[in-house]
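Here come two complexes built around chain A, the first alongside chain B, the second alongside chain C.
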Partner chain A sequence: MLRYLGFRVLQLIPIMILASIGVFLMIHLVPGDPVLTVTGLEASAEQMARVRHEMGFDQSLPVQYFDWIGRVLTGDLGNSLVSQKPTTELIVDRMPATIQLTIATMFIGLVLGIPFGLISASRKGSWIDKMVAGYSSFSLAVPTFVVGIVFILIFGVELEWLPTASEYIPFWDDPGGALKATIGPAFTLGFYVSGVIARFVRASMVEVLGLDYIRTARAKGVGEAKLVYKHAFRAASLPTLTVVGIQFGTFLGGSLVTESVFNYPGVGRLILKAILNRDFVVVQGAVLVVVAIFTLVNLVTDVLYSFLNPRIRAGNGG
Partner chain B sequence: MSARTQEPSSPVRNRRTRSGLKRFGDWSANEKPAAVAIGFLVVLSVAAIAAPIVAPYDPLQQDLGAILNGPSWSHPFGTDELGRDMLSRVIYGGRISLATAAIAVAIAGSVGGLAGLAAGYIERTTGALIMRFMDFLLAVPGILLAITIAAVLGNGFWPATIAVTVISIPAFARLARASVLSTKQEEFVQSTRSAGAGHLYLMFRTIFPNALSPLIVQASVAAATAILLEAALSFLGLGTQPPSPSWGTAMALGKSYLKQSIWYALMPGIVLTATVLSIDTIGRALQRTWGGSALDSAAGRGA
Partner chain C sequence: MRSADEALLRIDGLSIEFGALESPVKAVNNVTLEVRRGETLGIIGESGSGKSVTAMSILRLLPKDQARVTQGRIWFDGNDLLEAEPGQLRRVRGKDISIIFQDPATSLHPSFTIGAQLIEAIRVHDGRISKADARTRAAELITSVGIAHADERLDQYPHQFSGGMRQRCMIAMAIANQPSVVIADEPTTALDVTIQAEILSLLRVVQRETHSAVIFITHDLRVVAQVAERVAVMYAGSIVESGKVDEVFENPQHPYTSALLRSLPALDHRAERQVSIQGSPPNPSDLPPGCSFEPRCDVADGRSVCTTDRPPLQDIGGGRTVACHFSGETEAVAVNLSRHSMQPQAIAAAAQVDIEPVLRVENLDKRFAIGGGLFTGAKREVHAVNGVSFDVYKGKTLALVGESGSGKSTTARLILRLHDPSGGRILFGGLDLAKSNGRQLRDIRREIQVIFQDPFGSLNPRLTARELVTEPLKIQGIFDPNGPDHVGELLSRVGLSPSQWDRQPAAFSGGQRQRIAIARALILEPRMLVLDEAVSALDVSIQAQVLNLLADLQDELGLTYLFISHDLAVVRQLADSVAVMFAGRIVEQGVAADVYGSARHPYTKALLAAIPGTDTQRRAPGDDVEVTEARIDIAEHGCAYRLRCPIAQDVCATDSPSFARIEGTAHDVACHFGAVPVEVGAP
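Presenting the complex of A and B:
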């Protein structure tokens, strides 16, 4: 187990090195001069040369990369070209909003998705199964910005129950207000997640329900409900964990489209604004952080999976 | 109904003697939703290709006397803030979505398929290098990578299409490699090799045809993802720019006028959803027919 853990943590290093080079190169190959973002279009050649030198853009790419990565390792992601604020601070400011949205999203996704998947698998081939299959397909096909707009249309414009643009209100400050402000984007993303989870729970349940031990239990007279919810679901919940982990990691990196539909002030909006402003320091830093979060959550999921899976736990550990 | 019920097995397989059309007829009788989906996509594609003939109006023609109208006989999808006919704009927008999907699937499918074929066939260093590069592409959430690429290349149809293409490559490569690795061990491949077949013959004539069906299913997933991502990029203002009538752009503009007209933002959204749903339905039907691993149509999809 420990060996497996160590192996997985070591695997992070090459991935992060590659990702940092990728992000760095991508940003530095941008057509257009980042210096112009700072100086404005009317700058004189001298001014531009001074800024270029101050920012280190006159150095060679490898020098710039090692300079950047050295500072990144100390937690300094550089200052925004637009607001001059440290990128690290900008990300840390936005993180709570994105974390709250992610938790709410996963809650809605699991509460809808797991029962749908279970019912669907235990009544395989029935009309309920077909309805759930249709629901999953639909929730995966409909773009989040369509769901978001329809949500705003119904609850914001027609019923006027909710604001048409949301803001971040911490849950512990004002639970009611937080619910109102987060439900729109959370439902939009949660609807999508519920489709993924329902499809996945159904597939794993159908597989488990066909296994010998379930047939033995059924032959011994274990009731169908107990069979499905106790015996089979425990086994089927393991692969589901992986999907939940991937979703969790993705949304923790911010949801650019959904946050933008609702004007929700999370990490996704930070990145989108930086991209639109050509604030490449923030884009570079934030994308690197998002990739790190995504990779880390995937690692935790994998480790948790192997820890909970008795076959791997007892064996040599992957 | 008991959980042990078997899925109906497809009668289509092994009927080589029947004509293609007849086999297709049998298949679509079995997969009715897929048949409806094919019908929808055919209508959409024909309308998009023949847009200048089919569309009732010029998509850029303004009519300031009829702005933000709801659906009517003269404007079935309503009008936008400049009085332009939304049906015509949606038909012309279909050209952008379908072209992006076609280009992304064709290029990503060939590049990814070839890379995966090579990685699976050669295995050693080259194969490992190709797959590590694909892992890197997969390490970044799809929408984020697409947006960064689109931002780097600038706004417009081509940057968005290139971005969508690049992020579609790794899934093809992984899948092609996996099927090549499993096919390679089969007896008929071994015997063709001992009969003296060269590498290229083995790769393209012996192994590749057997790896094709999962790749075709993946093509449907990639097409759906491409359309979704193109619309998302345009919605964020990073794709095709106004006045071009991309579905995503239309929805972003329509969102500002929700209080005046709900149809403006809704109509492109409905057509977009129906298109993606159709492609997904066909892909899943093909997968049922051919068997194979459970692909997640959500892979790489934007949020």
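Presenting the complex of A and C:
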């Protein structure tokens, strides 16, 4: 097990090197001159040359990369071109909001998605199954900004139960307020996630329910309900975990659209604003952090997976 | 008290359909049978005969969305199980009636420990039993089925058990609540022959102790002869004959039973030809209006009543029933399922020695590295093939025999160079295949063709029979569309009519697919065929057809066969010489008659003794069988077999036995005590 863990952590290194190169080149691949962001459009040729030199853009690409990655490794992601604040600080400020939103999103997604998946798998072909299939198609097909706007229209504008623009209220400071402020974006994203999970749970459950060991359990006299939630779901939850992990990692990277619709102060909106401002230092830094988080979450998922799977856990000398 | 004669479980006029309502597949047609307390009823039939569907329907375990019971009742304890409420049914399942399934590899939940699964089986019917008490009971149960270190074993997961051990666990689970009926659905089919013998005797002990009735479903006539008192023979969804096992087998009244018994390969001699049943079972979605067996029947002889009227199952007295219009005409066949006295036969082999072999394998070695991967610690090596040497002569058949894991299939794969050998030589056509590569290897592969076990997985489903057989010619670049139709000739030769040539594999039965595979292998005119369990997946009547075809082709074309099999009876019918493998080594080798007639290695003897229906296994009244402990044991040092060997002595632990020739024969044995005939009791 420890060997496996060590191996997986080592595997992160090449992934992160490749990701950092990608992120670094990104800024040079998009059209437009980042220098103009600093100098403004009116700048003279000398001014631009000076800034270009200060920012190191007159160096060769490899030199620029090693320069940048060297600083990144010491925790310095550069200062925002707009606010002059350190990017690290900007991300750290926004991270708790995104984490809270992600947890709420996944909670909603799982609470809706798992029962839907279980019910439709155990009643395969029934009208419930068809309803759930319709539900998940719908949740996957409707864009999140539409769900978000409709949500705001109903609960914010018509019913006036919730604020039309949310803010970040830490859950442990004010659970009620946090709930009100987070439920909008969390539901919008969770609705989508529930569709993904319902589909996935259904597919794995249908497969598992047809297996021999489920028949064995049935022949032992295990009741249908227990058969579904204990025997079949135990086996089907393993592949589901992978999907949950991917979703979790994705949303920890912030969701640009939903956070913007609800004006929610997370990492997603930070990135979106930086893109609009052509603040490439923040974009680079934030995207790199997002990639790192995603990779780490997937690593944790895989390790968890192998821990929960007795065939791997108890492997020889494991 | 119920009287002993009264049926414990009675199935009355049961019919089951699958598939669409418009074109149903009639899997079970009007089946009536009963089983009494303490009795074993064997249900025998080939694949698709409806035997398993019948068994599964008793506890309503058929998939609800696919199977429909169209008529019939299943009486148990005064109730019709088909009408039972879910709660009522659940109380019967696993408590009054339990099932042992075929494949122990897939029938246990991989994510729960054996203990948890046993404890659940106990507590699901009586929640008042505490977990601790249930665990104690579970430990008793697995001890009673021959698993040592019960306490430790309960905390292990199924993947930590061998196949035989898992089946023991399944049996423990099935008897956990002292059921009155145990259904065993092909419980030993997935197991090696020596393990099968252990499981069968375990089932016998269990039945004796629990006095339960057993419904034993199998395709294997020998197994049924060993375990059952009464037998019901099923064909195309119906019972065609039933009665006491001895009477049915000695004097079959239905032509199908008779033919099935005759097509069973004999163990004591090599038959000139296998008796086979022509054709194949009817399509259950399109049963003939008359007798289902009529198209394949010798007795019917074109009489119209057989094609128009379905014969009813009639009581012919003495507790026997038969469904045949002309049962009196069924040829009486005396099939003795036990071995005759096996006299060592004349040593006919010596002549071979002068001839140059087609294939010579010398000291072949293969080690696989296992572990050392992501999850495991130290790298381990498995010595899958360990110094194997043999010769195969032109026009002859050498059989490699052994249980799963013995290295026989790996040996075949090495010869085909599907794996690279770790050492040794493979001499064929003046070349050492172990060292050949590229072009040479491609040419050689024309000369050695292979037929695999699974007739379903090894043919591309999108190609027609004709395309499948043409393909090797195209690959070798020698296909001539304008030349003579060799493909057609060959397809006819293996028994496929021109109307079938343009069909895809899905339209063929297992036996027909194996015929296509044979044609595909022969189209390149190879000198040698490697047959890797080539008939193991086929039903007995079809198996005989394919064995006959292989024998005919060998005679006509002078082919040389390397025949890999776990089935000693099948091997007996085809092999000129036999090599028995255990743990990667050949332990005994010689002319078939010698190896079968006077086996010298204790392992060979154990294999022969383990075949159901042989004298030592025959069920006798009042015989006393003991539960033998499950073993997992290939010794690392000395003789690999010594841990299972009844005659092992100190020398076996220290010295690995080398091959010794038995004087005056071509019979070699690798046993310290093999060169002299020692009488060994069956283990």
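In this text, the second predicted complex is superposed on the first by the 315 of 318 C-alpha atoms of A that agree within 3 Å, B and C clash if a C-alpha of one lies under 4 Å from a C-alpha of the other, contacts with A are read in each partner's own complex, and residues count from 1 in each chain.
The definition used in the following text is that a contact is a pair of C-beta atoms (placed from the backbone, for glycine too) under 8 Å apart; a residue touches a chain by one contact, two chains touch by 3 or more.
These figures come from a predicted structure and were not determined experimentally.
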First (chain B), second (chain C), both or neither touched by A:Leu272: first
Touched partner set for A:Gly125, first chain B, second chain C, both or neither: both
Chain B versus chain C as contact partner of A:Arg3, first or second or both or neither: second
Chain B versus chain C as contact partner of A:Ala217, first or second or both or neither: second
Chain B versus chain C as contact partner of A:Ala236, first or second or both or neither: neither
Which of chain B and chain C A:Ser306 touches, first, second, both or neither: second
Partner chain in contact with A:Ile149 - chain B first, chain C second, else both or neither: first
First (chain B), second (chain C), both or neither touched by A:Thr295: first
First (chain B), second (chain C), both or neither touched by A:Ile108: neither
Between chain B and chain C, more extensive residue contact with chain A: B
Residues of chain A at both interfaces, chain B in one complex, chain C in the other: 124-125, 210
Chain A - residues contacting chain C, complex: 1, 3-4, 7, 124-125, 210-213, 215-224, 231, 234-235, 238, 306, 309-312, 314-318
List of chain B residues in touch with chain A within their complex: 1, 3-5, 7, 132, 135-136, 139-141, 143-144, 147-149, 151-154, 224, 228, 231-232, 235-238, 248, 251, 254-255, 258-259, 262, 265-266, 269-270, 272-273, 276-277, 280-281, 284, 294, 296-298, 301-303
Residues of chain C touching chain A in the complex: 59, 61, 63, 65, 86, 90-95, 98-99, 101, 103, 106-113, 120-121, 124-125, 156-157, 159-160, 170, 173, 371, 374-378, 380
Partner chain B, residues of chain A touching it in the complex: 14-15, 18-19, 22-23, 26-27, 29-31, 121-126, 137-138, 140-146, 149-150, 152-153, 156-157, 164, 189, 192, 195-196, 199-200, 203, 206, 209-210, 250-251, 253, 255-258, 260-261, 271-272, 275-276, 278, 283, 287, 290-291, 294-295
